[in-house]
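Listed below are the structures to be examined.
Common to both upcoming complexes is chain A, partnered first by chain B, then by chain C.
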Partner chain A sequence: MTTSQEKTLTVALMDPPYESEASTTALRIIDAALRKGISVNVFAYEGAVNLTMKGQAAHPNPVKGTSAEEQDHPTTARFISGLFGMSGEAAKLDWAVCGLCADERGAGDWIEGPRRGSPGDFYKFTQESVNTLIIGAR
Partner chain B sequence: MSVLSIVEQAYRGTVEEQDDTILWLSHMLKNAGADLNILLRSNAVNYAVKGQDASGLTIGGVPLTVPPTIDKDVQALIAAGVTVYAVQEDLEDLGVPQGDLIGGIQTVARSGVAGLFDKHDTVWYW
Partner chain C sequence: MANYLLVESRDPYQFTDAEAFYQIAADLAKAGNAVTVYLVQNGVLPARRGAKNGQVATLAATPSITVLADDFSLRERAISANNLESGVSASTVDDLVDLLVQPGTKAIWH
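So, the complex of A and B:
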């Protein structure tokens, strides 16, 4: 095992945003890994392609009578954009979006950082990582 | 038409949403005039526990400045006239004593749930 393998983790995601705590947990793990100098490869599969949609918008909360500004809703796209801000020489974040999954959902317009990918990227990721964490939909 | 809305799956996207989607929807429907009550069962009985704190989360340097406050959302529903029931045995299974619950929660035995169904015209199971 090479040093780069030992310092790289792969995470596979399937959940769409706002439906479960799975993606929040995954983002926390990715954040922690990057802070510890561990590079992270992400394969966003099926509903997870929506996590990085550029068009995600914060909204007001009519139940609480709060404005969008007061709610300061941190969309998953904002969180992930922040994670890309942590990516650099010490630890790199590579985020491959399943292209066919994005096509069928019309989810091709994503924030800066993720790239179009395929299951082949996921397989390559697993070969280049010390371990792979699967966070499947339930 | 009276509605009994059953919430069973707890903490489903609550951090990303800043609330629980069904409690939020229920409050919106109540504000729109719905005659609606809520039954918390399974893990969702934990929504009735007071003093929940989901603050302090930051991902990628982006802080969650407005975390979910589910117990306060349940209190707001009660204040709006929604009766909120919680299954007693589910509370006991999770080790939640009565004293940990917010005020106004109506506990109901599992054997009494069918009776609640009878008291409402329709049941929505989320």
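So, the complex of A and C:
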């Protein structure tokens, strides 16, 4: 095993945003890995292609009468943008979005950072990682 | 012998297949493997002391099985780290990452 393998983790995500707590857990894992100097490869497929959509907007809470600013709801795109802000020489974040899955959903307008990919990228990711965690939907 | 990391995100009250996952952990240990069960999200619910599901306690009592419960998930559910089944330890996502990058570890998410 090479040194880069030892310092790289791959995570496959399938859940769309705001559906499952697994998305939050996955983002916590990626955050912790980057902070430890471990590079992370992400393969986002099926509904997870929507995690990085640029147009995500926080909303107000009409029941409580609070504005979107007061609610300060985090969006997954904002979370992930923050993770890309941590990506650097010490630990790199590579986020491949399944192109066909994105096309099906019209979900190609991403924040800066993710790139279009395919299951072939996922295979390469697994080959260059010490481990792969596949977080499937229900 | 191999190292297995089984991440359980489901609770046995909503998903009966969580019990099958516990059984996999038990069987892997019985076959001579080192097994860590990392409970996260609602997976931490049966780790609460007195919970009506004895399987997590049984796993935790098995010498070759380590049972950890994610502290973030515990706090979200108002479960104190001092109120866990015997043998279950509170853990962190940092610990989970450390386990994931141990060479040769086979990780399964459920």
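To be clear about the criterion, the second predicted complex is superposed on the first by the 138 of 138 C-alpha atoms of A that agree within 3 Å, B and C clash if a C-alpha of one lies under 4 Å from a C-alpha of the other, contacts with A are read in each partner's own complex, and residues count from 1 in each chain.
The definition used in the following text is that a residue touches a chain if its C-beta (ideal position, glycine included) is under 8 Å from a C-beta of that chain, and two chains touch if they have at least 3 such contacts.
Remember, it's a predicted structure, so these values are computed and weren't measured experimentally.
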A:Leu9 contacts which: chain B (first), chain C (second), both, neither?
-> second
Taking the superposition as given, does A:Lys36 touch the first partner, chain B, the second, chain C, both, or neither?
-> second
When the two structures are overlaid on chain A, which partner does A:Asn131 contact: first (chain B), second (chain C), both, or neither?
-> second
Chain A residues touched by each partner, larger count belonging to chain B or chain C = B
Which partner does A:Glu70 contact after superposing on A: first (chain B), second (chain C), both, neither?
-> first
Kindly classify A:Arg28 by the partners it touches after superposition: chain B alone (first), chain C alone (second), both, or neither?
-> both
Considering only the touch criterion stated at the top, classify A:Gly85 as touching first (chain B), second (chain C), both, or neither.
-> first
What part of chain A is shared between its chain B contacts and its chain C contacts?
-> 21, 28, 31
Can you name the residues of chain A that touch chain C in the complex?
-> 1, 6-7, 9, 21-22, 25, 28-29, 31-33, 36, 38, 130-136
Chain A to chain B touching residues, read off their complex | 17-21, 23-24, 27-28, 31, 61-63, 66, 70-76, 78-86
In the complex formed with chain A, which residues of chain C make contact?
-> 7, 9, 40-42, 70, 72, 92-94, 96-98, 100-103, 105, 107, 109
Touching chain A in the complex: which residues of chain B?
-> 11-19, 21, 24, 27-28, 31, 57-66, 73, 76
